[in-house]
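Each of the two complexes below includes subunit A, the first together with subunit B, the second together with subunit C.
For the complex of A and B:
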């Protein structure tokens, strides 16, 4: 029993890392632009399908590198054409827009690639356990954690040390002042949206290795990511990261004792956090408008 | 001038009225005849969006072929058949109910079909009974539909959990005695799990654990770690659709197929096609399969016709839809009426002819609970088809319905026809 619990804690961290990757993308967009991007799951699915279609030509690795970039490019276009028109309005407008976009994405994918799941193959040497006793540590899961760690490290480096990143962080705190200081806020928000969508595309390619690739692949992953943001605290990227890991472990542990509640438990956690610490575990009071 | 204009209009109006009246007289018999030729409407309330889209669309493709065949042979009672298709969604029972009511009350359909999702099928069956319209459930497997919630208006083509459990228990216990079950936490998963648990115990097996996970779960690692920890001989995975793909894909990545035997009951071609080749493993039950071990009349024609219309081989879902529409036509033609009570009585005991059955033996609707009694195909999945890329299953054994269907007394069904 102890072994099963230990396995599940470790495994929960792996799953949580994945939720965190999606949640970070959502969080970036939410923090700077105030847009709750319901179409994030659609972008995720698109990234996965692009990698699937690229695989015969440039292989799994090529898909992993290029599909998220193509997805991000589309994200930049969508922001430029649709989403930027709703900045400054009630968040409900962008919520409705992205909600509609999510449906358009899903049906567009269904129209292009069919309703039935398609088989997405990962390299054979990744698709097996590393050892017989720790059988849940497959090559692919370890690989996923490494990619997530690299992506998160790169994201924090960009935010911490590049001109773009510093402006994004400053804009999150006080967009008006950043604008007055001569930063082109439109371009900043556009690039920031692209960065968030890049993370969605990357998450999609990684997810397709674990799950069946169908047009609804993003739907089931998007809610845990929102929960990760709320548990971690709105406005705090490290909080989002911690939130993702935390709900992963909670879901894993619940699966041992009460499997039917493994999804419900993350919402219970969210409710508890909202009751006890309404700003989330790492959120600052008064930071979020 | 003004007067002239008025009189002109007046004259023309009279002229038009006269022509119209004449036309009416000439047209009158045609209108009556056209009424006689009004198509017979069959309402289809099946998922076209959401997780069951692929299954719903395959069922609908089978229905379209059946309608085409029926029309080519003179239709139902000399009238053409027309399918009215609505999207029930994959999970919103209220939408399925609303669409069922719309089809019956505003489109005035004669018969109703639905649904892939068991919960929606139960709800649709209640609407059909309330509004007295014959209904066939083509693909919702929950036992209660032809069990404790059975309705005089509802018939079912696909199998119950108890039927599949009885058919599959022996082949499974022959592989190993200790069985661990994982299943989806809703009507369908519970039906299959209950059916198998009962039958496996009777066949001398032990159920060492059963876990239900929420519909639409993406990560199965926790469930699989727990199941593996119980050290069973067989891991029975009862998940359908995307959940089936996700759980199998992850089980194989964990190497579970190499440590113990992976198996299940209802497996579908849609799922095997969505899996990478290395995950196409295990012992399964197919409710219908296109590549049958022996030449059976009707199968080749059915496969060829579906390939022509969809570009793919038919799956069990395609056959469910195909058989459902043909059943209505056969029953109505036999009853020589569209009256609900008469059609339902004609469906009771109705045997499917070979070109509709497309399987060894002769499936029939059991009169007491309205459940079709078909054969099932037990076999194993294969990574790649040897002769055909879509041949992903090898039938080892055909099990005939009468040997696995539980007696009516065990189903809890009591039919109440209106007096």
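For the complex of A and C:
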């Protein structure tokens, strides 16, 4: 029993790391631009499929490195052509725009790569379990957590110490002042969107190795990411990270005792958080918009 | 008092709707398509009561729509085969759902409100998906049928007569629209508009803003669940997709497409949406991307919707 619980907690952390990676990207875009990006799941799936198509030529590692960048480049184009037209309007419109994009993504992926799910090849030494007693822990899961940890650390370093990151954080607090101080806000939002989409693409490649590829792979992950943001608190990136891990573990533990509710439990958690702390666990009081 | 000219639009609209079963076959439609327009129009108008007239964006109304649909189906399947019982149970389930969820989220605003409504909508999706023994899971709730309405003196056979069912939906839409219009004209409705225009000023005027938003949310959920009941009756079937966030998004798109600041906008939007979906999906499997592209273009270039454009042209 202990082993089962341990397994599910670990598994929950792994899944939670995933949610967190996706939610961090969503959060970045939401905080700076006020856009709920429904197409995030579509970008995630695109990253996964790009890595899949690149793998025969540049291998697993090449796909892991390049696919997220290509996804991010596409994200930057989409922002430049479509989303930036709607800044300053009611958030309703950008929401509907990305909702339409999500439709296009789903069909586009189905058209290009087929509706059937396909397996994604990972290096053999990653696919085997770590040891006989830890049979449930494949090398790939550990590898995934390491990559996520590295990506999150890199993100917080960028936000903390680079000029771009400092501007993003400042823009989140007060975009007008940042603009008045001579920062090109259009470029800033554009790059920030690209950064968020990069995280989605990375999450996609990692997810592909664990779950395989299907056009709806992003759909399964986007709702938990929303919940992660709400539980963690809107406007707080560390909160989003914590929220992702927390709901991952909660879902993992529920899978032991009451498997039917493993999806529903995160929404129950969200309801509880909203009742007790409407701003989320780490949200700033008074910043409910 | 509005001039007759202002009323020609709605009068024409209702004449068209009232005679639809007679002219639809000649323009390539069928009665079921017309009924679909009515049902989704009711849902879109319910969403718009909140979105267009209270200024609150709910992206999770599929929850109440789906509760209505499943409530009706399950009542007929498990309790007693009666269409009126189905309506009662479905609407009750949806309204109570809206009351509870509304109370939890009424303090939130803007993007945050929208996100929380999206997320809550998914709970019901998973319940319907997982609880296979009761809801039929992914295959949907089957094995039941809508039942002819028996008024004692006359029998309204909505089961075998599609045109009769069309008129039942039209009556429901008419009564609901009248009720919403009356509510919007009342002092309560005017205070909702005040909240939409300037929430802070509404607070200072002594309007209990949160309670009013909650009431508007519940009213909206009530009509959305009625639409859900009719939706389940339409195909004698309901599946978890009625709860899905894409369904919620479709309602909002319909409202915006038609013009969310006009009362009849969502009806026009629903008609455009349903007809487009029907036409495109009969030509290609990839209808979703075409519909999605249409949404994107509509949002970027015609954010006011069909009726909004017409109104603007008349004013200028």
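Everything that follows uses one rule, which is that the second predicted complex is superposed on the first by the 288 of 289 C-alpha atoms of A that agree within 3 Å, B and C clash if a C-alpha of one lies under 4 Å from a C-alpha of the other, contacts with A are read in each partner's own complex, and residues count from 1 in each chain.
Criterion: contacts are C-beta pairs under 8 Å (C-beta built on N, C-alpha and C of every residue); 3 or more make two chains touch, one makes a residue touch a chain.
In this text the structure is predicted, and so the values were computed from the model without any measurement.
When the two complexes are overlaid on their common chain A, residue A:77 makes contact with neither subunit B nor subunit C. Of the two partner chains placed by the overlay, neither subunit B nor subunit C lies in contact with A:181.
In the superposition on chain A, contact of A:153 is made with neither subunit B nor subunit C. In the superposed model, A:260 lies in contact with both subunit B and subunit C.
Of the two partner chains, both subunit B and subunit C are touched by A:107. In the superposition on chain A, contact is made by A:12 with subunit B only, not with subunit C. Looking at the shared chain after the overlay, A:116 reaches subunit B, while subunit C stays out of its contact range. Of the two partner chains placed by superposition, A:142 touches none, neither subunit B nor subunit C. When the two structures are aligned on the shared chain, A:220 is found in touch with subunit B, with no touch to subunit C.
Comparing the two interfaces of subunit A, the one with subunit B and the one with subunit C have residues 106-107, 110, 260, 263-264 in common. Taken in their complex, subunit C has these residues touching subunit A: 51, 57, 59, 104-105, 107-112, 114-116, 118-120, 122-123, 126-127, 129-131, 245-246, 249, 252-253, 256, 286, 288-289, 291-296, 299-300, 303. Residues 30, 34, 36, 38, 82, 85-86, 89, 91-93, 95-97, 99-104, 106-108, 110-111, 223, 226-227, 229-230, 234, 260-261, 263-264, 267-268, 270-271, 274-275, 278, 288-289 of subunit A touch subunit C in their complex. Put simply, subunit B touches subunit A in their complex at residues 49-51, 53-54, 57, 185, 211-214, 216-219, 221-226, 228-229, 242, 245-246, 249-250, 252-256, 259, 270-271, 273-278. Residues of subunit A that touch subunit B in their complex: 3-4, 7-8, 11-12, 14-15, 106-107, 110, 114-122, 124, 127-129, 132, 135-136, 138, 140-141, 207, 210-216, 219-221, 251-256, 259-260, 262-264.
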